[in-house]
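Letters A, B and C mark the chains in the order given here, with residues in each chain numbered from 1 onward.
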């Protein structure tokens, strides 16, 4: 690894690490929200705060892109990665909101498998962020996120097939299907982040 | 602002202004379509014409990209912006079609809030297009579209929660949910346009 | 057309041709899956194999991008095209899975129109791949895929309106709507491929 004399760059990496850390928090709150004994109003409030904190990190990155002359990689890639991370948070926040607003009668336990996958994606993304600096181990991260996303896809199809089995009323199916799709969308959003990091790695290699 | 001696560039800006102006027309027709006393067949016909006119502007931009040697910004960005504007029109056209074909029994008044947001997005986009030339005030436009999109998101969740409240029959919920999602998708499509303009501004700055 | 002395490039074109050929296979299996007398378990198994074969081609492309010094066009465009082709396969595989898992009572014949469009998109994409080398006739391909995608959009709206007509029970509507949307998504995914090829053509021209 070559020496770096441009200290201004550091904070991009720090911001991205913060951004990924917000996702770890968000995924944790999502897990709380779906547990049986959750005080849903309270968890939703904490999720809102976490989402605002994530927004601020995103804005800090965008502001820095606009005011920095030398950036560690292409401006548009920094921008795309920052929005990608922000999108994950927005989608997890949406799931929390849906659980609060739709008041589903029961939450099928398979939804928790999806939340567990989300937590693993978040942990993995947070662990990987410091590697952006050295561009090491990014390929392994990308492969693992893709593996988790494939697992999420398979879970999702089973969840939906189960919702259609006749066990639930049509209106409950509509609610739970929306929630299941937002969970799957959140996992997909992690894959989009991984794809953008892979694209940066391909460009910079 | 520096002097420009390349008159050929003008028409890109003119085309983009036309393209945004079609969206103002489209959003207006959408508002008509959702009003109680609308002659839906007639409005849908005018929407189809507006959509064709928008297509022609998009094709004119693509043709010009392919035949012009010096473009005011990167070819792929011109192309992405043109398709982004075209996508908004397609999605608003889709909403009009859905209202015509699905024949929903009632249209919840909250849907009109979404159409109002769409009209504000369209007006703002049309007002901003001439600023592409000087790259002025694009940051404010981007922030405001993001604000409108967030408002649209919140409206959307309330609309869906209301559809799930038990007041509507399952089949009506399915129809209205589709229409509500297409409205929200149209607002998102305006945000995509704003993001592409922001990316151009970041690149060119 | 200029002479090419870089034989290493050939295999990118070969890989892309293979990738498109997998889509021809996939679209054919989809047509089988939706026919009345299908042995759905058996067809789904063959689809799974076809999807794995497509995955391997995609991985071969990504590996080659990372290990080749001179690529025939930009690395990120090769990567985007490869993922675009892979996405089509994933979506067609998803449709097959849905038909297997949801066990819909009847499949409306209009769904077969969508599969026919998919087969035409796949054939056209496979025929076009060899033209990537000379960059000939790509405009015509793009226009034709767009035409097919517009036809698919119109079919889709009629299919959904028909599902909402009152003829089907809510739960059947949910199943068939999901299947119809995945079919339309597959056609859209072909359009995304065409758009990426068009972008490469614009860049390289």
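Criterion: a residue touches a chain if its C-beta (ideal position, glycine included) is under 8 Å from a C-beta of that chain, and two chains touch if they have at least 3 such contacts.
Predicted model, so just to flag it, every value in this text is computed and none were measured.
K.L.:
Rotation angle, chain A onto chain C: superpose the C-alpha atoms of these two copies and give the value as a multiple of 5 degrees.
P.N.:
120
K.L.:
Same or different for chain A and chain B, when you check if over half of the residue numbers at their contact belong to both copies?
P.N.:
different
K.L.:
Roughly how far is chain A from chain B, centre to centre by C-alpha average, rounded to an integer in Å?
P.N.:
It comes to 27 Å between the two C-alpha centres.
K.L.:
Residues of chain A that touch two or more other chains: which are they?
P.N.:
170, 174
K.L.:
Note which residues of chain A are touching chain C in the complex, please.
P.N.:
Against chain C, the touching part of chain A is residues 153, 157-158, 160-161, 164, 166, 170, 173-174, 177, 195, 198-199, 202-203, 205.
K.L.:
For the complex, give me every residue of chain B touching chain C.
P.N.:
65-66, 75-76, 79, 83, 94, 97-98, 101-102, 170-171, 174-175, 178
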